[in-house]
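In what follows, chain A forms one complex with chain B and a second complex with chain C.
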Partner chain A sequence: MSNPEPPAVITVDGVHKIFRDFWGRPKVHALNGIHFQVRQGRVFGLLGPNGSGKSTTMKLLLGLLRPSRGSLKILNADPQDVGVKSRIGYMPEESYLYPYLSPDETLRLYGQLLGLSEHENRTRTEELLEMIGLTHARRRPVGEFSKGMARRISLAQALLNDPELILLDEPTAGLDPLGCRQFKDLILHLARRGKTIVLCSHLLADVEDVCDRIAILYNGRICADGRMRDLLQESRICRLSIRQPSPALIDELQQTIRKTTGQEAAIDHPSRSLEDLFLSAIRSAEADQTRPSGALPEGRLAPFLSGPPVSETTPPAASPP
Partner chain B sequence: MKKIVALAVLTLRSALNSRIVLILGLLLTLVLSLFPLHLQGDGTAPGRIRILLEYTLGAIVTLLSFSIAWTACNAVAREAADRQLQLVLTKPVTRLQIWLGKWLGLIALHSAFLFTAGLILYFILLGSLPKATSPSAKDWEWAHYQVLNPTTESIASALDHRLEEARQKGQLPSKGPIPQRTVNYYSLEIRRSLATLAPTTHFAWSFELPPEADKPAAPLRLRYQFSASRWERNPVPLVWRFQSSTNVPAFVLHQTAYAEQIWELPLPPGLHPGTGPLLVTCENFATNPPTTLIFEPDQSIHLLATHHDNGLNYFRGLLVLMARLAFFAAVGLTAGCLFSTPTALFFTLFILILLSLGTSIREVAESGVFTISHEGEEIGAGAFETPILAVHRAANSILDPIQSLDVIHQLGGQERISWADVGRAWRLYVALWGGIFLLAGLAALRRREFGKPENL
Partner chain C sequence: MEVPASPSSALRPFVQILTIARLTALETLRHPIFLLLSLTAVACILVVPIAIAHELGEQGRLARDSALAFQFGFGVLIAGYAAGSSLRREIETGILSTLLSKNIGRELFYGGKVVGIGAVLALYVLVAIPAGLLAQRVSPLNYEVDTLALLIAPAAVVLALAGAALDNFISRRSFASSAMIHLVITLSAGVLILAAFSRDSTPVPYGQAIEWRLIPAQLLIAEALLLFGTLCLALAVRLKTAAVLAGAAIFFLLGLATDYLLGTFPLLRGWAPHWQVFWQSDALAAGGHLSGDVIEQVSLYAIFYLAGLIAVGIVLFRHQEME
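Our next item is the complex of A and B:
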């Protein structure tokens, strides 16, 4: 495969962020000269422990903070550029919603701010409410919602403009495991449609399942980055999986390995991840019971988000400057 | 534009959601239901109009001013603290749209309150006016007046002369500049002496009237007040003479009047042909005992042009008050862009209070901080006084034009508020000061980082 690299959507170049107090004295050196690029159509994961500067990076990209040093480009524009915001979706770490607005009103408001036409706004609001499974609560004020419900609205408002770049700050925090899985499916689906996604998280499982590139932040520095596959693969070790092998077969295999390589092969039973177990238990329970309230309805996707996938071999056209 | 409207509606919703609007509505209802019952006035229609409008409308506007200042402070400061502003700022909206949207939302809400309360008050007033003593009295009792001042004579040369004289007599230093308050003192003395009427003398004021001032259906009225050299209970005989420059014979009116009271004389229609000055002469016939009369310059004599479109006049008054509220909204909003809620509130209330201190600031600005005299000699401005005076002068030059728009007092005094007054109020409050605060607010919004971290 000799694909030309797709164009960079985000460029972060030597960015420092120092938070200062009222008198201008430095308080926290939150980012310490970070560099990275995110190319179009990629799912990029920003990993790191709490307080490592993930959210700060996001906010710098959105122009909510200004770098102390270094430069950032987003969709070929300065983060302070208002025009470029109509092509970005952002889901903050906590829900920054107006507690007195209902989901309906919230989405309509952000639709208006995004400059959607009245008709578009109405249909997209409808479809997104359907997708996040909150049609039944559409008239209740958001202030009364549980965290997970508020997160769903937060997600919906990030998708209203069908953005080409989506920034998600700890997207799965507050979601139940089923919601998490559906969320990850959604991300993969959006990625197939050629959207660029940046998500940051300290939950490794989330990142592992969806990202194709990651950067690990620690104390405001990037200490590892690259393709997920390259970073995770231990290419010198190989694992064989066999369904219900007889003890005799295992014995024989071990003897062969010992004879040819002189090594002792390690034998264990792969365990499912807790997530898999949880999900299969829920699914079998769901078969004869009503859906737990507030869960994301299986497989439903807002129609305006379900465009055709972008094929691997044709890199998406460069975004206009 | 659509985005501004969306933000305005959002601001309205957020204000409606807070308790303050509920409390405001309750207080307004209380004011509107209690004040008219308790404020009866002196039994005359003008008295009723004055007391009802000055107190009730005054209370309404004070309530609305505090409410708009409070909600405006919160509009940005609260949303910044609660981080809702962060999400709004990630949408394609400019800072200008945010500021304007919030401003318009605040103005819309409070104007709705102002005009509703104003309308109710107007009907309460209409329904509770005392019966007029005669049908003709009703015409002027329920009317409003444009106050016309006599043209002030140039006293520049007389003043120069008087100051020179004082220098020669050694009352003033022979060289160097003369302090402004000394100049003011002498000019007042000259103008007072001009309108001081010894027995059997007379004085004439010249009025430049607008062409429509003297209408057949709404003739002019004369309003005057004087002081007398004798403080006695007997009235003073006066002769008033009214003459326009054309060859119409003068209209003459004999009157006996007490000193220190405000007198109003209805004049016959057709005194003024529409152009040229109207000369008003007063002759003092108080010879037994001989009494000298003093007409204070600028405040002792006016002609009143009568108008009957009271509803419209009242509406114009409300428009001026609306401009004032818009100004407070701008102050509060920008304070909220600059500071967090408590500081912003403090700042806004400070401005509100500063505006109500306008008169005392003016006094200091005009007559100095200390008026200590040492053995007849005035102590000049010391090192301490100079900066204080400068601050007061600067504050006064800002506050004075704002102060001069005292609509509630004007409405209470049945004075006419012209469209020009409305225009002046909007230019001053909204275009000038609103604009200044808008620019400051935008600069603050642009400079300030709103990306507060979570969980703080």
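Our next item is the complex of A and C:
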């Protein structure tokens, strides 16, 4: 516990957001004074039902909206500061793209905006297209793409500048289970390299698999936050797993437990998650398939994203806030 | 981690403006509605003077006026559509959130949009100008028809579309944008061929057979369109596309009525553009030419107005929330 805390990358302090109509009259009170901090190298999950203010928070962090009250700091700068954006990647909730541009053109254009050199832009675009499994569709207009394919481009776009802070708004919406899995692996990988990631979602499984800290937002207020492990652990219950136990052994254990604690132990068989089942089915089908027209399940990590871990000293979830 | 700076970071703002401009122009040009409006404009410019040639007196004048009027009318629709779709719709769909989450300032972004819409309008004007020149030849003069022109004008349009189809088949380039480029080439080629032949298809000294004096008037209309496009863009920061067109129409009518309003509201005179100054068809009557002075003054006027409209647009856009 003597680890020094990594510095805060995001500080949100008493932020309110009121949406107004054309005439400036208040319409929706979307955020009601939220406070939170995200420290460097963490994977932070912002959870909440639809309309609870997750996307609004993201947009405030990016300076796309202005807070009605309160203050935000991102990478030690004001969200309106244009310079700081070169260190941030953002994947919006709606992956709307220019429908008549191809994935290739789309990524190159974003690369130009980010100020990547021509060479850098070309190699990163290649590598990212490979990573999201859309190399074969690189010349088709993205207007023809399925939602999940557009989502993948949106993800690639957010990683083009190899950002140190990544904001992801409902990242797995519209992705197939394989895409979800790859996506979660990618997040874990990026976190290992010391990136800070903020992820908002109403899909609890996604958050559970990757986040080390969460805040739960409801109706514009934060109603729970802290370390995922602390929030989830039922520390008073203990579970024992044994491979292929004989009925006699079970019986014996039951009796011992009953005798020493006076309690009845619960016995069941753990089941595979549907996700695991789906993934193993796809993997075995992959062998004898021709190329599908949609996204390919290759998903090799883009080389420019796979450098060595950046900050060994601050592994995710090292210490409580 | 650190983003490799591009070789010359002093050029960075220009690269960003051009990137946004290119994006805007590409998206607008590839949308079929742009080609549709341009083709309709060409058709009207070419066909209307033939259809009503026998109705009115000075026939050259009719072809001139209709060429300028249709160039303006369809240009207004294109400007309004391009501005509305490339700014308002992008704010509503959230694509601007992605773009503005990159390190580009809003001023540069808006500047890029203006340049992009300017480029789209420029391409449209490059189609409308040769179409207007062809119209002078296509329309009958003293009940005599120009057979060569009647062959070349429609052939130019058909060739352009065929070329674009071939281009799309071979290189998969967007049909709509390719057709626009082909139209510029084939219509201009048509003018250049006709420049060598008189109305009865006999060779004349090169260039004599085309009314080049129409071009300055067409360019003034182009300036008006650019103003209109910038006006629409500024309105599109806050209004939906339909409202943009309505707002621009009100502004336009106000501009037409400035002379009338002058006595009653002197202030308004300074605010609404005097659209009449861009309409110089009268100067071309009876073989006249547009004087350099007029062109210079009108262009200066357009530049000042343009600067003002861009400034207003930037101020509005800076404070606009990306909802």
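One rule holds for everything that comes next: the second predicted complex is superposed on the first by the 295 of 321 C-alpha atoms of A that agree within 3 Å, B and C clash if a C-alpha of one lies under 4 Å from a C-alpha of the other, contacts with A are read in each partner's own complex, and residues count from 1 in each chain.
Throughout what follows, a residue touches a chain if its C-beta (ideal position, glycine included) is under 8 Å from a C-beta of that chain, and two chains touch if they have at least 3 such contacts.
No experiment lies behind these values; they were computed from the predicted model shown.
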Fit or clash - chain C, chain B, common chain A: clash
Which superposed partner A:A156 touches (first chain B, second chain C, both, neither): neither
Touched partner set for A:L75, first chain B, second chain C, both or neither: neither
Contacts of A:M131 with chain B and chain C, given as first, second, both or neither: neither
First, second, both or neither for A:E164, with chain B first and chain C second: second
Residues of chain A touched, compared between chain B and chain C (which is higher): C
Partner chain in contact with A:R139 - chain B first, chain C second, else both or neither: second
Touching partner for A:Y100 - first (chain B), second (chain C), both, neither: both
Touched partner set for A:E120, first chain B, second chain C, both or neither: second
Contacts of A:L64 with chain B and chain C, given as first, second, both or neither: both
Colliding stretch - chain B into chain C, listed as 183-191, 273-281, 291-299 or 345-353: 345-353
Shared chain A surface residues [contacts with chain B and with chain C]: 59, 62, 64-66, 82-86, 88, 90, 92-94, 96-98, 100-101, 109-110, 112-115, 157
Touching residues on chain A, where the partner in the complex is chain C: 19, 22, 59, 62, 64-66, 82-88, 90, 92-94, 96-101, 105, 109-110, 112-118, 120, 139, 141, 154, 157, 161-162, 164, 310
For the chain C and chain A complex, residues of the former touching the latter: 1, 3-7, 9, 12, 15-16, 19-20, 22-23, 26-27, 30-31, 93-95, 97-105, 172, 174, 238, 321-323
Residues on chain B engaged by chain A in the complex (per definition of touch): 2-3, 6-7, 10, 13-14, 17, 82-84, 86-94, 449-451, 453-455
Parts of chain A lying in touch with chain B, wherever the complex brings them together: 55-56, 59-60, 62-66, 82-86, 88, 90, 92-94, 96-98, 100-101, 109-110, 112-115, 157
